[in-house]
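Two complexes come next, and they have one chain in common, chain A, joined by chain B in the first and chain C in the second.
The block that comes next holds the complex of A and B.
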């Protein structure tokens, strides 16, 4: 009995440590965004301070920041829409048709996610340069698609497989063509999976920094790029960086918290029948 | 002129053949039941008629048109699935209307036909509900309704009652029979339940391992089973089988011996010409309901093991010498104790004989 209680306490303690470890940077970012430069650079760091909104007024006065947020929105929204429009039918095909090379194709989709993005950064940069696509929304959308499509295909295939095949057969007997079956049966019934994969796509595209940094210049810099661009050689305006970071992270965090129930359901989909 | 014809149809999955050359035809308005143990290919055959399963060889003809390679929807067949396969995100009305919408039926016409089907199946008050809000029996009605609204040439049922409890199953069985009478459409029904087959069918097709064992009316199959498999499959409880050796063979008559027989031997008239010689082994078949207790002219001498009293009738299990346990069904509740010797009689026309290949003789 005693050992049960002890185990629970230790379990809770372990969770608390992990939670602190993961949440502390987030806390530090948010709290720093309300500090003035003196408090920010104080050593040892200050834990109690008079909060100020000056960093926020600064960044919102800066057209670069609002422009970057618009860029991020455009890129993330279009990427998400394209990922779902292209990925869901592909997932349907993988879930329900037998064709040559199906398992290879499936593995190819998954293996796309295994490659470290940094490995491809230089070749992609050279490609974009040659195609004159540098500093365009298109190049970001295309490169994000390569990361998001596998996720969409992966989650949706699993979801579509869990839909009883008799429904498709009944619809075929009812006279529905392949596309109608997909639209009227698979999309509505697979909506939780489609929604979850869309959320993942959006969050990934919204947060992505590496490719946005490599492939953009002035015109289509996204929000994460702007946040880091404050770091010039001569000054480190931590307040502005932290405030921008908070502005970037907050919407997706709220969004993710709202849909977390569906996300867990989507991730465990197909695990149990 | 047959309405549905299967012409030597074959279904192969790689090396394995699920259906190995089935030929069969059904008349317009006929109720045909495919029956057989699980894995006999009956569902595969039904799905081949529906067009949901590709046909490896042979042809399917509906209304004198070859439909072997025709899309399911264009075969004008409707199917009721074992799992009902109702669209879970649509209301009952939308489930019924789906097929009509697919062929661009006018909205007024859709409403009229859905209302008509709902009236026939008494589901008018369920039209706004979603399938998950329905009971098993109600779902079954909706599934049948979805088939009715489209006015198909041919109805296909794939074990439609197997998910229902016993009482509901009996009730729905009667309703399906009534529906067939009311619509007068050709129906093909798949089941592994021989009671459903016997009660519903105009004709039964008994299948085993992808082959047709026998086709006939329920009474034909019951009275004249072609082989030992059909004899054992049709009838409940199952026919009793007694292995015996032929001691005397004449034209249309055999004398067989087994310790279970009263006097050791039994002389039986054969139903067909036979090639059996003395010394051959045969199987003697007797249906439990044809056996009589306390017979004045006993054919069998058995030792009682135990009795089950079912109310109006009793099932008595008894052990013959040199044969497996036998079942006897008798009316009333005879007092029987364990190890009682039972003199069992049977009318000669109710004795079946099967040769060593299992074929009826």
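The block that comes next holds the complex of A and C.
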């Protein structure tokens, strides 16, 4: 029988290992972004070094990088807004009405979560080529709806169901029509769920690479595309690459920490509470 | 999830739900279903974008016959399966360990910190995971080799060798998705009613007995979810591997999504790539049906 203190120490040690495991790659990226090229290529690796901001000044001076970040912001923000505008009413219908084909519709929304982007990337590329939509924000905003709408519909349906139906009934007795009820009761009371779904939608759009790689050229390249484009040539600018990586990852990490309680729900479409 | 069936909402017009649903359904039809049908049609054509002068004639099932007799396609599917079977045991094992550590009472602040830190790998942009992988597994100055050298094992040309590259992408996947498994297991563990857990603790001091007889039933639904979602995600896996290896060296990391992407966007053989994509879609639909059947039992 182990003593209590020993168990506590082992528990603490285990938790520390978890922390190191999850944070080390992230830490390594961030610390590398503050190293100059000699420190980066040093062998053995340097743990203590004089940090430099030159990688960051370099990438922000580079119009390609700052332009890509703006593109990512535009695409992620607009597709998120559109997902919420289209998805929230649908979620309300799924939460509060019974109609024929409801479960089929529900399943269809959910299945979209599983489909590989390559399946849609091929035909969408051909269509965008014909419609001259390649390398526009619009095509990315629209195609990102395929994975954002399901997440918004799923989370908002869940949230709207938890709103007491008596509120709706009372409002109907007062003569409010269905759209007023949605706008005045469900939107304000469901706001936490709507916000969580919007954050997820933003994270997924911000992180997306395959569609962005295939459907954009010079003008609308998003941040992940630019980050990968550094990966050619012989002498790789590791400092700049890691600085770009940090700039890309930092905002979504903060967002993800905000919704960390809902992370599992968002990633599994509600398999667990 | 819904506690009860949503109560029928009396006094609404027959078309009311339709108006709420129409915009979302219409959008998904246009951006989801229409391209899928278009891919289906393309899959019956000889369709190489670089050769528009040949036209895009219908060739019946030729593309499917070609794909199904294409060794490389089967190899990439086999490799994807091998990847799944490699990473999943690690993710499940580490996942349950982490979940048990986090479930155990005591050490409040450290536990909360560790739990929050799980979100970091999950949120990291997949492409950036690939970039970090390239840095960590660099042959000359990557930290992986430095570590191996330090413990006296020689370094390895990770991304330049067949096994090395496969291990490298597996490690990055395990890093990113172990937290996912841990969080689902943790949610399962916290579903065990406190009284039952307390009672069981008085009965037995054995951790394994506890896990098997008390906690396991609560972990099974999450386990099913993980199996299906991870397999769907690995069929989708593209970003991280593309950044790290582009499927190479040779075809060492040529997972199915990478392979289809290359046929479609490097060789521009849209007919063949579409046939491959449709086959992939069929597998995915089966998986998601399964998921819905097993996970959403209660929703009708």
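For this structure, a couple of remarks:
Heads up, the rule we're going with is that the second predicted complex is superposed on the first by the 227 of 273 C-alpha atoms of A that agree within 3 Å, B and C clash if a C-alpha of one lies under 4 Å from a C-alpha of the other, contacts with A are read in each partner's own complex, and residues count from 1 in each chain.
Keep this in mind: a residue touches a chain if its C-beta (ideal position, glycine included) is under 8 Å from a C-beta of that chain, and two chains touch if they have at least 3 such contacts.
All figures in this text were calculated on a predicted structure; none of them were measured in a lab.
When the shared chain is aligned, chain B comes close enough to touch A:164, but chain C does not.
Legend: residue contacts after superposition of the two complexes on their common chain; A:41 is shown touching chain C, with no touch to chain B. Of the two partner chains, chain C is the only one that A:122 touches; chain B does not reach it.
Of the two partner chains, chain C is the only one that A:14 touches; chain B does not reach it. With both structures placed on the common chain, the touch criterion links A:174 to chain B but leaves chain C unconnected. By the touch criterion defined above, A:185 lies against chain B but remains apart from chain C after alignment on the C-alpha atoms of chain A. When the two structures are aligned on the shared chain, A:219 is found in touch with neither chain B nor chain C. Between chain B and chain C, more residues of chain A are touched by C.
In the superposition on chain A, the residues of chain A contacted by chain B and by chain C overlap at 172. Contact residues of chain A toward chain C in the complex are 1, 8, 11-12, 14-16, 18-19, 21-23, 25-26, 28-29, 32, 40-45, 85-87, 89-90, 92-99, 103, 105-127, 129, 142-143, 145-146, 149, 153, 158, 161, 165, 168, 172, 178, 182, 203, 206-210, 213-214, 224, 227-228, 231, 238, 241-242, 245, 248-249, 252-253, 255-257, 260, 263-264, 267-268, 270-273. Put simply, chain A touches chain B in their complex at residues 164, 166-167, 169-176, 180, 184-185, 188-189.
Residue ranges of chain B in contact with chain A, taken from their complex: 50-52, 71-73, 77-79, 81, 83, 85, 87-89, 98-99, 102-103, 146, 150.
Put simply, chain C touches chain A in their complex at residues 1-3, 6-9, 11-13, 16-18, 20-21, 23-25, 27-28, 30-32, 35-36, 38-39, 42, 49, 97-98, 101-102, 104, 106-107, 110-111, 113-114, 116-132, 134-136, 140-141, 143, 146, 149-150, 175, 178-180, 183-184, 187-188, 191, 205, 221-222, 225, 229, 232, 235-236, 238-239, 242-243, 257, 260-261, 264-265, 270, 273-274, 277-278, 280-281, 284-285, 287-289, 291-292, 295-296, 299-300.
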